[in-house]
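Have a look at the structure below, then the notes.
In order of appearance the chains are A, B, C, D, E and F, and numbering begins at 1 in each one.
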Amino acid sequence: MSGGDEAERVRAFTAFRKRMNERILAEPNQVVRRFFALDTQAYQPGALDARTKELLGLVASLVLRCDDCIAYHVAQCREAGVGRDEMFEAFSVGLVVGGSIVIPHLRRAVDFLDQLEQGEAASPAVHDHG
Amino acid sequence: MSGGDEAERVRAFTAFRKRMNERILAEPNQVVRRFFALDTQAYQPGALDARTKELLGLVASLVLRCDDCIAYHVAQCREAGVGRDEMFEAFSVGLVVGGSIVIPHLRRAVDFLDQLEQGEAASPAVHDHG
Amino acid sequence: MSGGDEAERVRAFTAFRKRMNERILAEPNQVVRRFFALDTQAYQPGALDARTKELLGLVASLVLRCDDCIAYHVAQCREAGVGRDEMFEAFSVGLVVGGSIVIPHLRRAVDFLDQLEQGEAASPAVHDHG
Amino acid sequence: MSGGDEAERVRAFTAFRKRMNERILAEPNQVVRRFFALDTQAYQPGALDARTKELLGLVASLVLRCDDCIAYHVAQCREAGVGRDEMFEAFSVGLVVGGSIVIPHLRRAVDFLDQLEQGEAASPAVHDHG
Amino acid sequence: MSGGDEAERVRAFTAFRKRMNERILAEPNQVVRRFFALDTQAYQPGALDARTKELLGLVASLVLRCDDCIAYHVAQCREAGVGRDEMFEAFSVGLVVGGSIVIPHLRRAVDFLDQLEQGEAASPAVHDHG
Amino acid sequence: MSGGDEAERVRAFTAFRKRMNERILAEPNQVVRRFFALDTQAYQPGALDARTKELLGLVASLVLRCDDCIAYHVAQCREAGVGRDEMFEAFSVGLVVGGSIVIPHLRRAVDFLDQLEQGEAASPAVHDHG
């Protein structure tokens, strides 16, 4: 996997996510639509700032082992100003709580973070449901 | 991802599933073979009809977040006459019970359902263990 | 565990659930309150009837192995007119999808169902979030 | 919790398990009954001996975090001649794979093992579905 | 369940945890002992402060649905100065990510937090592995 | 998917795993590095031999449904001399404990095992955190 292929994969994934979110929200199912709205609202700054909430979302995604959610929150954390050393401390909590089964997801998370830091992957511009 | 690529991906997956099920059932391991038989039997109509049972399989697959199982039961539900609005209500129960971690799987489920409705993806003709 | 103790345990659990739901909904956290409202809305009859939705909630709870949620949906299914044979078919789907790890929860589910059928346990009168 | 109370708790649990298994197997649901039979068959000695299979069941139960299943397989391992140091090595694999979320279950597993070794808890005499 | 009984239950649980941790660490299994040490180390302040790390541990425990781990991190968060409104925002992220299956654990978490705030439950004085 | 493509996919995955493990271990995060060391240590022969421990890792990976971890332990089991019939008995325990949701992972595990047996896929030469 060269960096170029990886960046292409990220772009394809982001486009797929955007397209499917639009499809889903166009559906006349109020429970699903309200859930998506609630998912956005949960990360708005309040008593806890956005940065802390994104870190919470990241660790939750890590221990539940969802690659798409992890990538989404890694990008959101980065936009919120979370540094690489802070990101790795969050990873370490997720790894200890969730165990070695988390490792393959950690590898992909670090690869994604590397891509973001190299500017080869565009981070999603709007919250679109990890 | 164009529709054609997606349809090709579905065909490749269906062929892989068929080939591997045959490999597995050819193995002289009685527990595995009996498990596969039981998996088929569980969805046979009885006190509950096949349609309800496929919906149960769909929601179980959704909250356990298995894409292959979700795709399988979406196809089975469709063959059993479950409409798109009913499918989305089942999705909404799975989403509320399982949380936002289900969303990436929901996106792929809706994409798969779209493919089926457009006739671009052939639904599997026999029950072959989701 | 005599039947009397069990009935007492069910009453204590129902009272605890009611009290804590009130505590939680009294809290000024809009995301949590909206989530609870959405949880109620998800089981309202629509394209699928209430009975089917409660069965979906039951199987989702079974494969995710949450005793409180299972007991709640067993009671709701019963109120919606789901018979014992239908309940067991839903159990069988949950058991096959979720595996033997589900068995201890199945034992407690059947015990709870027995209590309900013997009228020794009062089913909760309102939807109060599994 | 004194040792005596703990032994009583184990006896109550064993009696409950036995009673509910009989209830469940008396039900005219063939899928559930076949599943229980398959669960017994899976641990019969074959290419792998019973002792190895019980260790596999133990670690699977540990990472899936089911106390009843863990207790059951700890007792079965002990009957199959698995020593305390071997048991702890199996625990250590489960702990590393499953993470710190396994720790509360490990505490209860070790407490249960201590009870068994002190002869204060009777191990179940027949395979009755963990 | 009166408050007094609950406080007693918390004391019994804390004593059990302490006793079993000592039992486990006395065992000559280096992997298990190193894992426990690593579990303590993961929450030490570094690039992220202790308070943020405890919140991460709390949300991870919530979505993985482990009552003992949740109670432990609620107590640790409280000692680290996390306020009730902040705690509820962390709960709300866990609830949205993990779904309604988290609700029974949320009820017990809020009950435990209430106890702590009423001073009826002593928070554990040392990190002893959630 | 022809055999050649599959072998290529395995090589790409092995290279990715190796590259990312090096990236992760180069990071100045002691908790993550110690976790990786512990993950290696857990499978060293002790009271249980390496072969039994790899089988434990395999079944744990199967019920937790992590394809990368399953593939890794299948390869390690093979190197430790585990035969195909023994591997299938381990699979059968994982299938019964974990349920039909395990089946898609079992298909990929058997496909991977077939590749290994045909010598079309190189097994990883060093333990690098499955």
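Worth pointing out:
Just so it is clear, a contact is a pair of C-beta atoms (placed from the backbone, for glycine too) under 8 Å apart; a residue touches a chain by one contact, two chains touch by 3 or more.
This structure is a prediction, so every number in the text was calculated from the model and none was measured.
The chains in contact with chain A and with chain D alike are B, C, E, F.
Listed by label, the chains that touch chain D and also chain E are A, B, C, F. Shared numbers divided by all numbers used gives the overlap of an interface; between chain B and chain F this overlap falls below half, so the copies present different residues.
With centres defined by CA atoms alone, the chain at the far end from chain C is F. Each chain gets a centre from the mean of its Cα atoms; for chain C and chain E, those two points are 26 Å apart.
Chain geometry summary: the mean Cα position of chain C and that of chain F are 38 Å apart. Between chain B and chain D, the centres computed from C-alpha atoms are 32 Å apart. Listed for chain B are residues 31, 35, 38-39, 42, 60-61, 63-64, 69, 85, 88-89, 92, 95-98, 100-101, each touching two or more other chains.
Taken pairwise by the contact criterion, the protein chains are fully connected, each one touching every other. By the touch criterion stated above, chain B contacts chain A in their complex at residues 1, 65, 85, 88-89, 91-92, 95-96, 100-101, 103-104, 106-108, 110-111, 114. Every residue of chain B that touches chain D in the complex is listed here, in rising order: 30-31, 34-35, 38, 41-42. On the chain E side of its complex with chain A, the touching residues are 38-39, 42-43, 46-48, 52-53, 55-57, 59-64, 69, 83, 85-86, 88-90, 92-94, 96-98.
Across the interface of their complex, chain E is touched by residues 12, 16-17, 20-21, 23-24, 27-29, 31-32, 35-36, 39, 42, 60-61, 64, 66, 68-69, 129-130 of chain C. Contact residues of chain E toward chain B in the complex are 63, 95-102.
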